[in-house]
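Here come two complexes built around chain A, the first alongside chain B, the second alongside chain C.
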Partner chain A sequence: MRIVNLAHGNLYALGAYVAGWILGLFAGPGHEPKMWLFFLLLSGAVAVAVAGAILEPTLLRPLYRRAEEYQLLVTFGLLLILEDLMHLVWGPYPLTSSALPDLLGSSTILGATYPNYNILVIVIGFVAAVGLWAFVYRTKFGVILRATSQNMRVASALGVNVKRVYVQAFTLGCFMAGLGGAVIMPISGAVLGMGVEALILAFVVVVVGGLGSLEGALVGSIIVGAVRTLGITYFAEIELAVLYLIAVVVLLARPAGLFGRA
Partner chain B sequence: MTSVPSFHSATSARRIVAYAVPVAVVLLVIPLVLPPYQTILLSYGLIMAIAALGFNLLLGYTGLLSFGHSAYFGVGAYAAAFLVKYLGIKSMEVFLLGGVVASAIVSALFGLICVRYTRIFFSILALALSQVLWSLALKLFWVTGGTDGLRVPTPTFLGGLVQTSGDKLSFLSNTYYYLVLVMFLLCAGVMWVIVNSPFGKALQAIRDNEIRAEFVGVQVRKYRLIAFLVSGIFTGLAGTLWVPLNGLTTPDILYWPFSGEIVFLTVLGGFRTFSGPIIGAVVFNYLKSYAVGFTVYWQLLLGVVLVVLVLSMPSGIVGTANALWSRLRRSAA
Partner chain C sequence: MLELDHINTFRGPAHILRGVSLTVGDAEAVCLVGRNGAGKTTTIDSIMGLLPVRSGKVAFKGRDITRLPAHERARLGIGYSPEDSGIFPDLTVAENFQISQLMGASRARGASASGAETDERILAVFPEVKEFTGRRGLNLSGGQKKIVAIARAMMLSPAILLLDEPFEGLAPVVVNRFIDAVKKIKGMGISLLIAESNLNTATRVADRLYAIDRGEIIFQGDPKSALGNGEVMKTIRG
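After this line comes the complex of A and B, so read on.
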């Protein structure tokens, strides 16, 4: 939709916090963890989607006609607000729910022990990606969405309710961010600062892979994931720096990224 | 954004002098009138104003929004701290020189990478690079002192000609204030010349229409790089000036919320005007030192004000004041 959202990472963090909080209510100490609790993870996604449905008309809609800097500034303000709101509501300590993954046990793959929950996360991620792709490229709503993003005025002249499409698209994007945060929460917990970290990592992925390229994003995220894991093992001190250095090297060699269309 | 009546032309230089001279005189007598605490607070404000002037060369004049200006501020500050720690140098002149050289090197390097992109990609790339420096300052604690930071003692001036020993408070609120003031006036003057030079006009042309600017022969990327470099040096110089005042440099000034503060105060003052960042920096500095006193949720306040500003007062304090003033004059005429 050509909306730049610096607060996207914080919406992801919000999903993690809401999911962690709701789970804490039902699966805290003294409760027997049960399978149906996994569905509570969706609460994070739903809550963030609701937030998105409120934020788009109030904060972003007035700015579509103005220069892009203003969108950056407003979403940056939103980032600051969300960061401190999470601090205000849930306090400075991380929320965790490690009992949930334990429920699924673990399995041995190629000699390495691997928690089943992580496999579930991979499956969810895959399903979400395929679902999103199908939604955007294989449904009528997807066609309308892409048309509106290409040319808002023509779409509007053809009878598309542009405002509604924007709200729906933004809500969907927020749902995805919230879902991501919610499913990662049982593994890494909900921590202050995870939003900005996610924002920057996502950006490195996009830069390495190439802007506006789906397969680039996939390859980029695999590279970033591998480098982070190796980095933490072998040179923990400068792990972050190495990651950015790779992004820089890719940029210098191929300014458009690995799969980018220059 | 052509509809916003913004940058004064060089022909109104006389009018600017008419504004600048009284302001400079007021700033000169402040240490004689106000208590030391207020003077030191104002020093912080003027230092942030130098950083904001540099930042606004990119945002207001070139149309590039950097979320990584903490990097250059931090480099300027750490350059001075390293000079103390590793070379035992305590001369302010060497600090300033070192800060300028270090921030020039870093901003040239980062600029080469960043100016390949514009818009949000530029913004986040700048942010990412500043996070690299932050993580290095944090993790390489045997070099940078980690979260404890590095101490910077009271520097000497002109090889000891100016008395700097004795009471630190009176030194900071007198001698050091005047140093900051001189540097501020110098920087504001230089920046004024830059934005009104053909180079500055070319930057504004790039901001308003990159493709047309390229067609009339402006080397867009090279000009952006030079703007980035100048911007980084100004911000680095501010960092170097900040360090003896604060007495300590920690990784906090390399962290992204500090970049956010630079962005914020520039928007607060108004980034489409020359004086906006200066006013914004000084006002912000007072706001912060009093607001932090009664709330820990300072970022929340900052975010709310930023959102409200952009939605309802996008031209900032100075822009809004200008608009009000011209409306007042029109209705009077």
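After this line comes the complex of A and C, so read on.
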């Protein structure tokens, strides 16, 4: 939708915090862990979606007619505000909950012990990617969404309530960010600064994949994920440098990213 | 059907339309003729709700729509084909049509034609559309884009079509073909308001004609009297 939202990183963190907090209420000490607790992860996604439905019309909508710098400034401000809000509400210490990984146990794959929860995260990621793709490319709403992002004026002249589409798209994006934060929380906890870290990685992903392209985001994130993992194992000191080097090479060779259009 | 009453429209600080009044009757084809920059597109945009009207009134079927957002106007039955065709480049032609079909269907209008009927009506006007429904907007020629833009607007089952420069950039043979199409559309009982810079083309399709210059209507009447009016001819041809 041509919204560059720098606050997305901390919306992701917010999803982690909300999920961590809710799980803490139901899966803390003295509670017996149950399988239904997995559904509580959705609380993070829903909470962030609600935040998105409020933020888009109030903070972002007034800026669409202005230069993109305004959007960057406002969403960066929002990133900082969210960081402090989470600090204020949940304090400086990380929120963790190991109840869910404990429930699932672990498997041995090729001689290595691997937590089953991590496999679940991969499955959720895959399902979310396919689901999002199907939603955007195979539903009526997806057609309206793509049309609106390509030409908002004409879409409105054909009867599309553009404002509503923007709220829905932004809310969906926030839902995905919140879901991402929520499912990662049992692994790495909800920590201050996780949003900025994710934002920087996401930035490399979109530079490599191309802004506004779903396939690009998928391919970009797989590249970034693989390079990071390999990097941590084999060349930990320069892992981030290698990532940026890839971004630089892509920018020089294909300025719009692998799947983007200039 | 459509009535503009002394509308004034600005683009940024520039005062473009100065008290423009015009009417389009039922099943009437009206042309708005003027040079580039005369205010034709601004007039169309003001009717469609893409530009806010500073003062004056826009009425459609007797209802004041001056403050209505564009999408509500479209759903009331105002179809629009922009000057640059405005085809969604990454959508197929079929998907381009789907947008207005969905919107047309969401409109509760007693007299509205059903989807199948609309399709037939479009094929009656532009049979060639069938051949490129699977193609993406980006891969269409200029003429095909114009066809898709008009057909897409018709998918809304509109009562009136606003066509902004529908013949611009087309080869003379194709222009003839489009003029026939416009006549067929009119024959279906759909009113038309066509912005056109070529007076000769305009006189071939219009029942009535308005000439606009520097944001003011300087002439209205039937095509013949426009051709006979030296001042209009001079202004429009420059």
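Basically, the second predicted complex is superposed on the first by the 230 of 262 C-alpha atoms of A that agree within 3 Å, B and C clash if a C-alpha of one lies under 4 Å from a C-alpha of the other, contacts with A are read in each partner's own complex, and residues count from 1 in each chain.
One rule holds for everything that comes next: contacts are C-beta pairs under 8 Å (C-beta built on N, C-alpha and C of every residue); 3 or more make two chains touch, one makes a residue touch a chain.
Given the structure is predicted, the values throughout are model-derived calculations rather than measurements.
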*Which of the two partners, first being chain B and second being chain C, lies in contact with A:Val136: first, second, both, or neither?*
neither
_Between chain B and chain C, more extensive residue contact with chain A_ = B
*For A:Val50, is the partner it touches chain B (first), chain C (second), both, or none of the two (neither)?*
neither
_With both complexes superposed on chain A, which partner does A:Ala128 reach: first (chain B), second (chain C), both or neither?_
neither
*asked:* Applying the document's definition of touch, where does A:Leu42 land relative to chain B and chain C: first, second, both, or neither?
replied: neither
*Considering each complex separately, which residues of chain A are in contact with chain B in the first and with chain C in the second?*
none
*Touching chain C in the complex: which residues of chain A?*
140, 143-144, 146-147, 150-151, 153-162
_Contacting residues of chain B [partner chain A, same complex]_ = 1, 59, 63, 65, 67, 113, 116, 119-121, 123-125, 127-129, 131-132, 135-136, 139-140, 256-257, 260, 263, 267, 297-300, 302-307, 310-311, 314
*In the complex of these two chains, what residues of chain C are touching chain A?*
48-50, 69-71, 74-75, 80, 82, 86, 88-91, 95-96, 98-100, 102-104, 106-107, 152-153, 156
*asked:* So in the complex, the part of chain A that touches chain B is made up of which residues?
replied: 4, 6, 59, 62-63, 66-70, 72-74, 76-85, 87-88, 196, 199-200, 203-204, 207, 211, 237-238, 240-241, 244-245, 247-248, 251-252, 255
